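Questions regarding the structure given below will be posed in turn.
For clarity, chains are labelled A, B, C and D in written order, and residue numbers in each chain start from 1.
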Amino acid sequence: MGAWLTDGAIDVAGLLAAVAADGNGGTVVFLGTVRRSAEDGDVEAIEYSAYREMAEPELERIVAEALAQWPGARIVLRHRLGVVPTGEASLVIAASAPHRADAYAASRFVIEETKRRAPIWKKERLASGRARWVEGRPAGGER
Amino acid sequence: MGAWLTDGAIDVAGLLAAVAADGNGGTVVFLGTVRRSAEDGDVEAIEYSAYREMAEPELERIVAEALAQWPGARIVLRHRLGVVPTGEASLVIAASAPHRADAYAASRFVIEETKRRAPIWKKERLASGRARWVEGRPAGGER
Amino acid sequence: MPEMHIRVRLFASYAEAAGADEMTVALPAGATAADCLAAVRAAPWAGRVPPAPALAVNRRYAKGDVVLRDGDEVAVIPPVAGG
Amino acid sequence: MPEMHIRVRLFASYAEAAGADEMTVALPAGATAADCLAAVRAAPWAGRVPPAPALAVNRRYAKGDVVLRDGDEVAVIPPVAGG
């Protein structure tokens, strides 16, 4: 397993430390958390699976595109695979930049592209014992 | 000292925990960090001061405005006062929402309004021993 | 006509429907990713695979007109739901 | 004419220039925040206070035309630099 996928809990503090840089005054951390809400029924956990050999380089391409677009930014991300209980983070993106507008923009770019392109799927595990695939969206390559 | 200002290091994990909510799947954390860069000269630390009795309620008004605009969001922030060494956070905002677009928008609103309205000032302490006030921008009240 | 063997990777609901996470497809030389997809869609389990799903060739998104070579890895990518 | 006493708070470079972080200004009844500001700007140290700085009355931003009452707290707010 490479740098961008992990089978365990995501270390947010470690990602923050990884993007720290003397000249970067703004840092934006995005956390995607497995939620339990009325509209989601009684979801107890989500099981993430991936085309790992492709997801790693695809996530790396996304980050490289962001770094090319926002020079001076530092960006790391972790996507968790396997069973993630409600309330825990499935995805964390940390992005720092000299100025905050770039940190926000880079962060947003990475999450939107990850949602669009990462070959990752999820199955909801319900309290009833049932499980169901979450309807995703058609995957896209580079724009 | 009230809820929004602090004289010590900011506990990011504690803020993350404070905005956790079953239905909120997206969380955005913004960190403003004291930077050391060529354009900033040899800054060793920044000393923040505030009109504390006004900064507390003003920050509270900003957060209340954000919560009114993005229902379901949870937002907390801490602004550190006193001497903050380079590399440490002077401001942390955590915002969660059911959907990520709202978490980003609420986070951005709070940082921009804080920069515009919070009666807080900073003085750079240079390696040479000198200190200088950082040129701010004219303060504004509610729009 | 020389034959190519293409390794096809299946995921998520497609793998579940197929009862397998990969299959091998034999195709004539010069066949494209779209030809490979047609072979996959001819399988009895493949009713849920749409006419134009996202495809990857050798772990990178690719259009259907990409010409395959023997030993290539093709993936039929179900709608994604990462994040 | 009855007189009001207004507590004026000074901060950052203004406080440094004044050598004090507060002062008391005596104003006639009916005076406004702008009148208070004019009194502050008349001080010898106040050359760096611009003609129309941000003002706060009782810890809230206020326009210059706000009428003050005895005991009010007025702050002359230098350009801010939080964050």
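The rule we apply is simple: contacts are C-beta pairs under 8 Å (C-beta built on N, C-alpha and C of every residue); 3 or more make two chains touch, one makes a residue touch a chain.
Since the model is a prediction, treat every value here as computed from it, not as a measurement.
Compared with chain B, the chain whose C-alpha mean position is the greatest distance off is C. The distance from the centre of chain C to the centre of chain D, with each centre set as the mean of the Cα atoms, comes to 74 Å. Between chain A and chain D the centroid-to-centroid distance comes to 50 Å (mean Cα coordinates, whole Å). Between chain A and chain B the centroid-to-centroid distance comes to 24 Å (mean Cα coordinates, whole Å).
Residues of chain C in contact with at least two other chains: none.
Shared interface positions of chain B, i.e. residues touching 2 or more other chains, are given as 32, 111.
Checking each pair of chains for touch leaves A-B, A-C, B-D. Residues of chain B that touch chain A in their complex: 12-13, 16, 20, 22-38, 86-87, 96, 98, 100, 103-104, 107-108, 111. Taken in their complex, chain D has these residues touching chain B: 9, 11-13, 16, 53-54, 56, 59-62, 75, 77-83.
Considering their complex, residues 32, 48-51, 53-55, 57-58, 79, 90-91, 111, 114-123, 133-142 of chain A touch chain C.
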